[in-house]
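Just below sit the structures, each encoded as structure tokens.
Presented sequentially are two complexes of chain A, the first with chain B as partner and the second with chain C.
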Partner chain A sequence: MEKISVVIDGRTFEAEKDTCVLEVARRNGIYIPSLCYNSEVTSSGGSCRVCLVEAHQGGRMRLVTSCNYPVRKGLEVKTDTPLVHRIRRGVLELLLARVPDSEVIREMAAAEGVTEVRFRKDEGENERYKCIACALCVNVCAEVVGVHAIAMVERGADKKPATPYNKPSDVCIGCGACAYACPTGAIELKEKDGVRRIWHKDFKMVRCSVCGTPYIPEAQVDWIVSKTGKDRSFFDKCPDHRF
Partner chain B sequence: MGVINSIEQLEEYRRELAATAKPDLPTVLVCFGTGCQANGSRLVANAFMEIIKEQGLQVDVNIGIKTTGCHGYCENGPLVALRPQDILYLKVKPEDVPEIVEESVKGGRIVERLVYRDKVTDEIVPRYSEIPFYKHQLRIALRHIGTIDPTSIDDYILAGGYAGLAKALRMEPEDIISEVERSGLRGRGGAGFPTGTKWRSCAAVDSDVRYVMCNGDEGDPGAFMDRSIMEGDPHAVIEGMIIGAYAVGSRQGYIYVRDEYPLAIRNLTTAIEAAREKGLLGENILGTGFSFDIKISRGGGAFVCGESSALMRSVEGNVGEPRAKYIRSVERGLYNKPTVLNNVETWANVPEIILKGAEWYASMGTEGSKGTKVFSLVGKVNNTGLVEVPMGISIRELVENIGGGVLGGKKFKAVQTGGPSGGCIPERLADLPIDFDSLTEAGSMMGSGGIIVMDEDTCMVDVAKYFTGFLVEESCGKCTPCRDGLPRIYDLLTEVTEGRGREEHLDMLEELCDLLTWGALCGLGTSAANPVLSTVKYFRDEYEAHIRDKKCPAGVCKALITYSIDPEACTGCRLCAKNCPQNCITGKRKEAHVIDTSKCIKCGVCKDVCAFDAVRIS
Partner chain C sequence: MKEMTQIQDVSRFDRIIDRYERSEESLLAILQDFQREFHYVPEEGIRRLSEVMGVPASKIYAMGTFYKALSLTPRGRHTIKVCTGTACHLKGAPQILETLERELRVKRNGTTEDGEFTLECVNCVGACAMAPVTLVDEVYHGKTRPSKVMDIVRKQVEG
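Moving on, here comes the complex of A and B:
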């Protein structure tokens, strides 16, 4: 890949062409907040807008989402300007208005000095209680897990991730990757007596033959076996006792 | 003739058509545009056909009936135009047909009651070309609309169609791009990006596959110029696209049309098939070795689907949702291949530019905006419909000369331009030339080319709320500023219009607008603040009246107005009392009446029915 140099906050860094600005910044110790982006998920990002930075290129300045803005020759990025903070504060106030009870959002907002919401707060609607409609869960399920169990449905302020018709999905394997990836912990994953409940569906868990801990849904084992041809007995033990 | 195998053969074919066509044949043109059809133009056409058939036996008048696209003057449909008499009849009913045949077709006389009557001078204007609505127009993109049969490729060729393509195929692709660049043509889909520049960037990308696309989504509910072109002159779009494809080196094109436009889909499909049969689409076009074909892609119709990245996703079979365009679609567009996307009207201009040359096109319009633009003129104006005028005409000329002034002699207050996310421009700036840059500078935009005329009875806060409400519904919900910010702008506007506005609301509105403009993902969100920003800018006093004085100066916002009856003007006719749904108007016959404001629901019926203008709003 072609190496180019890019300037971020006055410092020059080498990076591969088309890497996103956020990655280059992070690798070099420059903090930019993010919510909807996950470096393992190429389809993620661009939605929450907390990572906006100034991109100066070709004599022009734009605010761009650093999580998916590609570095190219001649790019100069500024992450710490009055404009960046003004817009970030605005985004965070809106997110806080949407999910006033989310710890993650409260902390991120407080770090920008936003502790009060002047606008109407959303409340009550349990389903999107903490959900900021960032679609990371959907992207993880489709791209990383390779299952398309959930999708973003509806539009505008009602947009949310859901299984088809809000019914237990036929294809969900209960892996919980969506819940782990969710930046605000909005997806409920409960486990009790060797049964995991996620997205309105119960999954029987496989217990480790050594420690007895239920550690993976049977449906997930079935899926991995069918996809990779791995031997089923491999899943008899949990990762801690496998080798 | 079947396949046309060369450019020479095309010209020969055109000559053959001209030789067999009988231009002197009297023609009755019945508009078959969607508006006119809805008003019953089919029945009118049938009536003509019957009479002509009946009388054709004894009377020596030959009439070729054509079903045509739209004349743009839809409010007055069904429209009937007579050639060569150059007469235009409005609102024609089947009952009128015998008289038209007797008087005009056979007798060459004018049926006065059916022609245009100037609303101010009351003069009659029978000649199509003299009607003010048409007189000030300059039709390039709409050149064939209403004059040719859109389902006949022969009609199109006879009218000079595909001559632009023939010329283009003799040019180097590079020279075509230069020609388009020099013409100054800018995209008619809203953003006004220079078309030639777009083509050049696409052609420059190294790739074996390239696509050209036509944006026929037309999501603005008030605009219908693209529909009119697709329905009334589909070959113009197709010819433009073939030229574009040849210029950038593309073999496959797509036209994206919304499902709500079935006639456009039908006429485009017919046109594509006819062009294939003639060898103008498909392999080895006109024997030049160049191959290109077009598919129609039907869209679900959300407003945001017209946005380029959402449109491409939709054509790929995914949910039509915008994505970041940090890598431009000329580089990575449809299926990640270099793609040129242009608007319907943009494409329709291309053949004329190639045929008549860049200098011809650039001689019209303003410094930064060349050529003409089609507008859909609606609202409180006497003449409404589609109008094509040179760029740079002033708002006032458009409203006064073409629109025939504001309805009912009311005061002209503002125009809203550019579709739902456009802005409002006040009357005091009405001498502003209409072009891309002036409109943007004034806080509005060219957008879809919609122009809504507003009179003194319009409340600008209410207008801002109306358009914001539309955008709240159309926000796809992908990004935070638009998804969660727009509903809060709407909340604040609701507070203001319902009398709960506070001083700080104006600042909060401006903050949210700033956030949208800088922070939203796609053009819907980044332009969504225009309705609020432009009205706050030009009509701040109206906002302040709502907030400070709890008054709606235009008398629109129900929470802020009261109805009363002026005892001086009231004659005691009882009409209002009889019509009031609340029964809250009392008074004896021939004595002044009184409204019980505690029961009044402010429906306005009393004001509408009172013949003495005695009902007041304050």
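Moving on, here comes the complex of A and C:
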């Protein structure tokens, strides 16, 4: 892999060519707000727009989303300019209008000084309550888990992740990776008496034979066993008591 | 008995699916054929298509919700669209809509009880010079008047 050097906020860093700006910044302790990007998920990013930065290259400047902008030779990035903050405030104001009940968005907006919105707010327990329609959950389910239980349905302002017909999906394994990845905690995952409920479906959990904690859905064990050929008994114990 | 109908059901989808190549590119065309044949895209159709094509049902369902030309709920044999775009609105679209609602006994975006008509509003169909515009099964009728609109509908569907 070709190494290049890139300047971020006046400091020079070595990085592999084509790594995204956000990744390089994170590794070097430079904070850029982000929501829809997850470094483990190739198809993530580019949707929430909060990670925008100034990219200076060849005498020109563009505002770009740092989570999918590749570092190249001669690139200089500025993450902390008045322009970046002004545009980000606009993005956050829109997000706040869409999901005023999301703590994450409220905090991120407040950090930029945005506490009020000039637009009609979308409040309450509606169908996509805290969801900013970034599709990270869908990408995780498809790319990382590989089951495609959910997809982004509807369009425009109604866009949201859902199972077909909002019914329990026949392929969902109840792993909860979508809920874990969601930047705003918009996906409901409940667990009670050894049963997990997610996406309208109940999953019986396997209990650890040592501590008795229900820790993984049976359906997920089935899936892993069928995909990897791993021995079933491996899942008798939870990760804490495995070795 | 239930099983019988189920088997029959699947074959009516397979007849359509079999006309196409087994590839993701065929999906939209197949959904359009479902729409034409059944006047909507039935859930069992999506599930069968997913099974045959090996494409996740979630993806096909998402397509179904995305395209305006596809409907996931049963629709009438005929679709009446009243343009309520700005020009048509000013030229009396609301009255046309009211007339149709009253005469057909159906609310906008609803389907008549006999499954004959679905009534819809659309926003500017790009024929403002003919405002107000009413479409019956995609046939444009310009300068429609409330007193004439039922005649137009009847004449067209009765051939």
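As a convention for this text, the second predicted complex is superposed on the first by the 241 of 243 C-alpha atoms of A that agree within 3 Å, B and C clash if a C-alpha of one lies under 4 Å from a C-alpha of the other, contacts with A are read in each partner's own complex, and residues count from 1 in each chain.
Convention: a contact is a pair of C-beta atoms (placed from the backbone, for glycine too) under 8 Å apart; a residue touches a chain by one contact, two chains touch by 3 or more.
Remember, it's a predicted structure, so these values are computed and weren't measured experimentally.
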item: Which superposed partner A:Arg155 touches (first chain B, second chain C, both, neither); value: both
item: Which superposed partner A:Pro164 touches (first chain B, second chain C, both, neither); value: second
item: Contacts of A:Lys192 with chain B and chain C, given as first, second, both or neither; value: neither
item: Chain B versus chain C as contact partner of A:Ala133, first or second or both or neither; value: first
item: Chain B versus chain C, judged by how many residues of chain A each one touches; value: B
item: Partner chain in contact with A:Cys48 - chain B first, chain C second, else both or neither; value: first
item: Touching partner for A:Pro70 - first (chain B), second (chain C), both, neither; value: first
item: On chain A, positions contacted by chain B and by chain C; value: 151-152, 154-155
item: Of chain A, residues touching chain C in the complex; value: 142, 147-155, 162-165, 169-171
item: Sites on chain A touched by chain B in the complex; value: 46-50, 52, 63-65, 68-70, 83, 86-87, 90-91, 94-95, 97-98, 118-120, 132-133, 135, 151-152, 154-159
item: Chain A-touching residues of chain C, taken from the complex the two chains share; value: 43, 46-47, 56-62, 65-66, 72
item: Residue numbers on chain B that touch chain A, as the complex places them; value: 302, 319, 323-324, 326-327, 472-481, 483-488, 491-492, 504, 508, 511-512, 514-515, 518-521
